[in-house]
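First chain A sits with chain B, and in the next complex the same chain sits with chain C.
And now, the complex of A and B:
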């Protein structure tokens, strides 16, 4: 398909909808995901994680039921040694699940030799790729929604209180952020699945990128900031500028974007994700929670960033797949 | 509209500087079984992919069932069944589920799909195994499921890429029988590609021999044999003692193109028709005592080898 422009005889529009067969692909792929052993293992893992961390959090929270306005949000964020909080687990479980769902989505069809048979049916490639992506996306949305309901349910039973409207709203937006955070990794591992013909290579490449952002990007961002904006004299401005550059760089990582949305959504007392000078804090009553709309304004860039990255990565995979020769 | 089902004009596909298919003119009539023959890498699969609109031609035109596959690929793919070489299925699904997925992709309504799946599984003799996972199927069973898969959409044309590859001789024979019955009972036009010449020569009405992206020979096996080898039948008579008299008698037979003596006491007659009886009585009346009589049909292998010998001779 990689033809020089001049050799294409003339631009001809193709007839027929590119979405013919989309529903069939989604239904089949979702059924595959939900019945696969791979997905069952991950489901068990995440349900156990949720139950364990929420139970531990509840032990802590029982004593302070009457003091805290956002008790339910604490279920997600409260940690009890030695266990980290549930959201801490989500930060790395979500990419893992997304990668597991998609690393063999395209090259698996080639290695099973089903690709040419499927594409010989009256559907466009568009429907196959989008169907596979949406099936993965819906599958993880389903799993996280179930977990979310489970946690709220456990909370009602354990704490003996219903959640407030604001708590429900905040945790729902957090759920959406989680789903799109997964969407990024889903789209990424689909891109690798299109590039590499070996499923193992695609899985390893996805995991390498994940580890890079989880572990190394923070360090690299710090080093880059030092190089880009060195501190010569130790002025406050210099130090501040370096920190801002470091923070901006670290926001290129979806992990950072997700962590920041998580903090702002689940901890209403957070007023800023960057640096605040003492002058800016003048008149602020520390420790008072922000209303939901103010928290949303705070993390709006992060949320849209997560969604935009998902769409961009999917578009990249789309272009790669459209240009691919289908003969194995 | 004429009865041409597939027609290509100067169809060309280039991958960079490599020309996979070079100015191909192909026409296949309604109800025909056409064989695309040639060694691996001769451009057979590329041609097929262009017929289905799965690969864009570099230049030239294609017309399948009156539709241009690069313009309306869905229209072509809805009516043309394609069985790729080494057809693959989802191993973790049953035969029935695999077919159901294809039926859904073709937009066949549920009730109709149930009926068609039962019918095609019956047709290929897999109805007892419809609930079995395809992972447990043998090579031959997969190949038959491949045919069922193609028949689901009730195609007007079926294109099969190397359908007998990897089958044992008996399996290949059964498979080709099934293909012939498809044409006979449903009037489907078939396009087969293969590099196993002897297997397809008895199945195909016409064949096209591919070499380096060009179709170098086209016609029925008999026609090609006449054109390239001079005779379509090769009769061998072994006598106890060869004499010039017998040779003269054989040579004078009407229809005999060439008589030779490849081994001691064995005459080989190349003829345009079946001359066994005539040759036998001629040899006997010329005083020969017959030890053995045999006839071989012209094989595509021989045509192919002979043709490329000539090609190389010319180019050398």
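And now, the complex of A and C:
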């Protein structure tokens, strides 16, 4: 806000809060989302997934009678053939839901020719875009919270014991990470929805980016690491450096960030996500859980990365939308 | 020829006159011609024990002829009972023949209260007027009473409560009888006594007359016993003999260190790359003063652990002292639990170590960076709103 008042053209600077009408937009959009058939299909899909995987995990946990301090966290991560763990499903269901929620948020209004009507109301574009984003964000937060409650409830019923405070705290932070992971894809597909006038194009572009990060980025990061830091002599240092570069590159992908935060949060015994030399582990008692705050410190970069990426992508979409011609 | 007849007549007369003579005498030389009668024994002079009955084998020899030889005791000390024995019976005479010695046993039985002195006996053998005497001397000696002795070179041993006191003891049977000896030890309750003979634990052993056995007496203090002098008495008892030996175990005190924490919690937290003080408590639970206690730590490389003070000069028994360990985990330590072994080594006495569990925390500095990152992102949005807002 340090910009001098004079640098802004007078006719553009309108008075009042840019967020007037934000509440109304959020409420309307959320109502749309929650009643839409598209959302119902996705909700049924994810609820079925959650129920199925958690039931399988519970069967698995019952079979192994070993004591575990973090039994509830196992509900999320334990897998039973042929089903993968719940978190494995989340890795691709979350982007799918986020893209489905937002791929037509802006260009859909244009194609229905309702954009100018909305903006004729005393609502700024700021409020419209933020409202749309927050509505999507809250919708998916609602869905994930419902599923989180469902899993914890199923766990209490199935395992017959209440979750500990730390388990609740860890799974709640995991829920927040999941919501922001969804937020990234939501903001991204809103950007595409602003750029492309065709809803199908926007959806395809979003899915392309998602596929790129899901499938190809790991491979590309590996190749890039080989190019940037080739192994000439096969020294351990060289191999280690290449691996570190590869890991750093792969962390540009939100999928990696989310996977890493998921691992550290749901498996308290994870001490490090990078490379650890044997000397660093001398005297370490392996398998002991980290305190929650230490796990948080471990994934803090990932977590803040997810949050910051969501905000920055929204900022990008905001700038693009503000600069767009509406009366077309 | 006439002479022959005279001799024959005399012989016949003699035969008629002595009808008691056995018929076999007929083909032996005539009795009248018996000569050279001797009675003898191989050991005529014997030493015997008190109350011992002696059997002396006698031999009766005739130079020529054959005759019944009567045996008698010419001299018999008072109270003694003498009898001749042959073929399991008491006999009074033997039949002797030239060329074959007749054997008979002389059984001499002393009176119940026999004095220890020399007794003389004379055996007389007589036949047809010729006699032979055999003097026998028995020296009655009071027998050596059964006697056991115990002996050791080192009756006083010194050691710590963990020492096993091992005494080498010689048990000697100085009597003339073989004994079966019971060994019994008397010691304070908190000593475990083992009597060993060539590695085997025993309570009873046979010791032959004039034989000695080397025993090993092991006294093991049980638990942490206070310093002091403890008597151990070993009794040996065999037959009517017994012996005892007093041994002494001098138990000196021993420091017994233990490392703990003031609140008993053997865990702590430390930030990676940062020095964290860890209070530890050094307790001497032993019975002697621990001197020059060296403190050290091990378990992890790259960690820097310093003690304040580095060395505890003196820690009396049942005293404790608080020591600060400055723990500085390695800069690159990964967060989580580590095992740290702290060791205290007194100059004399066993060292003691305790494992501490150190939870390494990582700095929250990068957390601030993350917040700044989010703040920048929010700033970008604010900037965008300011620049493009309210359209």
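Simple rule for what comes next: the second predicted complex is superposed on the first by the 312 of 328 C-alpha atoms of A that agree within 3 Å, B and C clash if a C-alpha of one lies under 4 Å from a C-alpha of the other, contacts with A are read in each partner's own complex, and residues count from 1 in each chain.
Throughout what follows, a contact is a pair of C-beta atoms (placed from the backbone, for glycine too) under 8 Å apart; a residue touches a chain by one contact, two chains touch by 3 or more.
If you're wondering where the values come from, they're calculated on a predicted model, not measured in any experiment.
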Combined model on chain A: chain C and chain B, fit or clash: fit
Which of chain B and chain C A:16 touches, first, second, both or neither: both
Partner chain(s) touched by A:325 [first = chain B, second = chain C, both, neither]: first
Touched partner set for A:27, first chain B, second chain C, both or neither: first
Inter-chain angle, chain B to chain C through the CA centre of chain A, in degrees rounded to a multiple of 10: 170
Larger contact residue set on chain A - chain B or chain C: C
Partner chain in contact with A:226 - chain B first, chain C second, else both or neither: neither
Partner chain(s) touched by A:60 [first = chain B, second = chain C, both, neither]: neither
Chain B versus chain C as contact partner of A:248, first or second or both or neither: neither
First, second, both or neither for A:314, with chain B first and chain C second: second
Which of chain B and chain C A:305 touches, first, second, both or neither: second
Touched partner set for A:118, first chain B, second chain C, both or neither: first
Where chain B and chain C come nearest after superposition, their Cα distance in Å: 7
Contacts on chain A seen with chain B and repeated with chain C across the two complexes: 1, 3, 8, 12-16, 124
Touch list for chain B against partner chain A, complex: 14, 45-46, 49, 52, 54-56, 58-59, 70-75, 77-78, 80-84, 86-92, 101-102, 104-107, 146, 149, 153
Contacting residues of chain C [partner chain A, same complex]: 299-303, 330, 332-340, 357, 359, 361-364, 366-367, 369-371, 373-374, 376-378, 380-382, 384-391
Chain C partner contacts - residues on chain A that touch it in the complex: 1, 3, 8, 12-16, 18, 124-126, 271-272, 276-277, 279-285, 288, 290-291, 293-294, 297-298, 300-301, 303-305, 307-309, 311-312, 314-315, 318-319, 322-323
List of chain A residues in touch with chain B within their complex: 1, 3, 7-9, 12-16, 20-21, 23-25, 27-28, 32, 36, 112-114, 116-124, 325-327
